[in-house]
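We just call them A, B, C and D in the order they show up, numbering each chain from 1.
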Amino acid sequence: MAKEVQTIGVLTSGGDAPGMNAAIRAVVRQAIARGKKVKGIKRGYAGLLQEEIIDMDAHSVSEIIQRGGTILQTARCLEFIEPEVQKKAADICKKHGIDGLVVIGGDGSFKGAQKLAALGINTIGLPGTIDLDIACTEYTIGFDTAVNTAMEAIDKVRDTSTSHERCSIIEVMGRGAGYIALWCGIANGAEDVLLPERYDYDEQALVNHIIEGKKKGKQHHIIINAEGIGHSASMAKRIEAATGIETRATILGHMQRGGSPTCKDRVYASTMGALAVDLLCKGASNRVVGYRHGEFVDFDIDEALAMTKGIDEYQFEICNTLCNS
Amino acid sequence: MAKEVQTIGVLTSGGDAPGMNAAIRAVVRQAIARGKKVKGIKRGYAGLLQEEIIDMDAHSVSEIIQRGGTILQTARCLEFIEPEVQKKAADICKKHGIDGLVVIGGDGSFKGAQKLAALGINTIGLPGTIDLDIACTEYTIGFDTAVNTAMEAIDKVRDTSTSHERCSIIEVMGRGAGYIALWCGIANGAEDVLLPERYDYDEQALVNHIIEGKKKGKQHHIIINAEGIGHSASMAKRIEAATGIETRATILGHMQRGGSPTCKDRVYASTMGALAVDLLCKGASNRVVGYRHGEFVDFDIDEALAMTKGIDEYQFEICNTLCNS
Amino acid sequence: MAKEVQTIGVLTSGGDAPGMNAAIRAVVRQAIARGKKVKGIKRGYAGLLQEEIIDMDAHSVSEIIQRGGTILQTARCLEFIEPEVQKKAADICKKHGIDGLVVIGGDGSFKGAQKLAALGINTIGLPGTIDLDIACTEYTIGFDTAVNTAMEAIDKVRDTSTSHERCSIIEVMGRGAGYIALWCGIANGAEDVLLPERYDYDEQALVNHIIEGKKKGKQHHIIINAEGIGHSASMAKRIEAATGIETRATILGHMQRGGSPTCKDRVYASTMGALAVDLLCKGASNRVVGYRHGEFVDFDIDEALAMTKGIDEYQFEICNTLCNS
Amino acid sequence: MAKEVQTIGVLTSGGDAPGMNAAIRAVVRQAIARGKKVKGIKRGYAGLLQEEIIDMDAHSVSEIIQRGGTILQTARCLEFIEPEVQKKAADICKKHGIDGLVVIGGDGSFKGAQKLAALGINTIGLPGTIDLDIACTEYTIGFDTAVNTAMEAIDKVRDTSTSHERCSIIEVMGRGAGYIALWCGIANGAEDVLLPERYDYDEQALVNHIIEGKKKGKQHHIIINAEGIGHSASMAKRIEAATGIETRATILGHMQRGGSPTCKDRVYASTMGALAVDLLCKGASNRVVGYRHGEFVDFDIDEALAMTKGIDEYQFEICNTLCNS
């Protein structure tokens, strides 16, 4: 039967994402409002194993909703796949009285939460990743901020590409998922978008497209390249050689992970954080919170990890049509 | 039987909103890709009646996706409720060969589209308003940009409120709908949010809340006030008199209507613009495009206008809990 | 003979300004590097009288350079004009071992520093005000950020003014000094700028200018109004009545005081903070740091307070020419 | 004796910079106000040789002051060092009636202006480069915007560096001049700044500094690397290997060249553009406009090109002190 938790731990794991602080704040404040204690675990699972555990109160999370990064910090923890390590982590939770745990991270982090749930710690996962690559949810904490950061940077690159009539290759984050690339493709009016989901990298087609655009009087040619697809700098050299048109690569890199979160990221991360606490208060465990079909919902972690999703076909199509018609 | 249109007109009507240019661009480019002609109608229905109609091609909408406002401009047209005026407008459309029309605006603008549809012009409405106050859709063009503009401004007011330990009343747009106020309430960590949907304005409760916060050591007290609720400047004077705490009002005003659109506004407005054209190509008329339950869908305008929606109860609750626990 | 100070106090006084935190950080870190102790005084002179004095170390000012407002907070202190109050303040400084004091604020704050200097506390003033209204310096901490905040807001208002073909009156800060208004006038391409330094408010001339612009096909008319000049909302009503053109007022208000400081404000405030410490280390007192003729310099406070400056004639002239030619 | 020009040409040359559009607008509008004709020359000297010359009126420069890039576009023109090419360019100017020419660019562009002046075209140079590497002036068009763009990006990288406790190497523009690096060093609180002016690259010292910072509890280590100094990505690998601390490189690249100009860039570029016209109206030639010792002034191009300047010693010193004390 569902037990109600008394002390809620919270950690951030994997790559950081803007809005994680809003989620931490919501977990802490909602837990206090529900009469629970809250403990912050620093540096993700790695910190848990080191017992880097701090007491948190309402004031611990003052003035953080607008800040990028995560005040709890984060780290990778490869050894967490070992059953004895998981057991040790569960024991540490119990030692510190943590009977409920909110894990903010991606699929890898949810696997850890799954194991801890099996070991008697009630766990709830919150989807935190700028890549939007979590199948059970249409929203992940940080994507909205990251995609706006990328878009604003590309707007700037576009200014100078137009002045110099250059071809620009802009590499955005998203090793296995092209959402940032696709959204920027539409939002920045990019002539070409290269996505991991549509890996049919045909450099000759790109070259032809650039030459054809030049003939039609285009003053620039923007190619948005998701992280996973080849090496932007050497691509730029080859394209310049083949087209005779000056071509430059820009790799946006880690700036996409930081910055003050957008309104959507603050509001949705806050809602998810509060929901995670309310789920723990109802005795739920081994669940992940998602946003689907216009609603905040929760899934069994096992089911969530088995889901898949792809990019939107219609948006992929119009990305091309609206720029090149 | 559904007829396929040959020439698509597009106009913006009512208050402008960031992302309208992205929608116009999408209508024009998608129409060209589908082999249609496109005509831009300036200044909304008022301009239609004056035959302010221009030919548009792919180049007409270059470099506008990132710009605020609407290149077609907009205007109110009170006389459009008169049947003979509607008849005249339909005749002008026919004279110019416009057999399909995309109307970007709010409920009032859709009523005009409804009338024109009855008079034989195939019409599609797109929801364009920063207030999010269109019942059939969870997304309206411009809301995401406006709410980020408001949030960023309030972040700044909060800095100085904290330095001076002031109470600040910040009035945001939304005469009949408190979405901007509620989202900013959560995103800016406001102590109080006054919404038209929850009109129970109890100034004594506010005063007590401010005094109590001061006792608990709060360094500021932020009140977000939706446009419709009373007069912010006189409220500030009364509150300062009652609490003895310096209180200032800021009215964000028209800056919330402008600015370069966010990524979401660019992407969703582009998608909706393309969809409107595809609906016209299928012979649809008297429809409005919405985003609901995670999908872009379309509704009969009559049904859309009959729908109602309210603010999210859970978000209203956590807005209070997360700030004041 | 000049004495070298041992313990440096720092306070912010008057209205807050972005960059004050950068200056505080520089005072603290430079003092530590020079082997001094540092004490922070909260809430300006009012807090000094209440002995709100805290020890500061290098870590106290971590992660503040990018934050608006002032971590030391600020307050007005009208009673500081009384000699016995000044005496008490000097005694409190001595009691806490503060023999050097950095005062960040405007002319009023420097007067307090002058009195404390006469009472044996070595004082250095740093010009902190968004209004740029300190005669001895071409730069004041916060102006660069404030003028960019105002400009960006006006860019947004302009978008919607153009869409609606409106006249917009935008009130910016600067009760006694029109620098923000003049810079925005040039930077936003305003049709009219109303400055306290040029008070010849001729409403009929404005009305004529608006009507004439409309005839020439102008799609908007932007009037930037410095705080001191009349009441923007009633001006808007009168102008709308006289011109028949929709006219709206926006009062930017306190948002101009907040926000993350610009690069210039961070760099110059840091430099001034370090300089203030170096001056105290040389035994200087009753000085104010300024930026003049391209250099950081320091003046006797008495001389500084006697200086006057006006707006740049050439810039006032081109503000008009570039918009209206 | 000085002749007064009748028709003023304007071109942008070399790398583009935000604010160039403000300068072009000012040249055009001031010239019209002075009763002159204006011609725009596209693509710099290359376009001049191709006679890419357009008539410009007040309306040609509407709505450009807030836009990045240059509406006249720009290009390199290596062949312009040939005397016969210079002669051809002067002949083209004369053919089109251009007797005065404003050249917006860097030192290389001024050399072209010098040659044209000798061939009878009155020329004025305006300093346009984000690198601030023009010796005769303390201000160049674009630097203020570029340094804010870089700073904001580095603020974001810092968020994620702190979350992950990483070392970050951030490469900013400035091949031969470290101003962007130095300003960001101070403004972002970077632990190390590598400047071309101070080329004493000692990787072991860096490594020691990083290790020492870690021991003192620093949560990140930011290294700002001016473009000219070595290869950031391989530096990151070596540092990670030597310190055992995760180290990532970010190359900000061309985004630093674009974006809407800051208030200072709009105001100063406007002033310089107007001044250039007023100089031509007085019969001046072979001059470059600068900002020095707090004033807009003009120099003989020959003298300007012979000047040198270096980075500010005091700022270089405090950059280190304020971060590491």
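To be clear about the criterion, contacts are C-beta pairs under 8 Å (C-beta built on N, C-alpha and C of every residue); 3 or more make two chains touch, one makes a residue touch a chain.
Just so we're clear, the structure is a prediction, and the values are computed from it rather than from any experiment.
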item: Neighbouring chains shared between chain A and chain D, ordered by label; value: none
item: Cα-centroid distance, chain C relative to chain D, in whole angstrom; value: 28
item: Between chain A and chain C, centroid-to-centroid distance (C-alpha), Å; value: 40
item: Where chain D touches two or more other chains, by residue; value: 155
item: Touch-based graph of the chains, sorted into line, ring, star, complete or other; value: ring
item: Partner chain D, residues of chain A touching it in the complex; value: 12, 15-16, 18, 67-70, 73-75, 149, 153-165, 168, 219, 248-259
item: List of chain B residues in touch with chain A within their complex; value: 25-26, 29-30, 32-33, 58, 65-66, 138, 144, 147-148, 150-151, 155, 183-184, 186-189, 260, 262-264, 266-267, 270-271, 274-275, 292-296, 314-315, 318, 321-323, 325
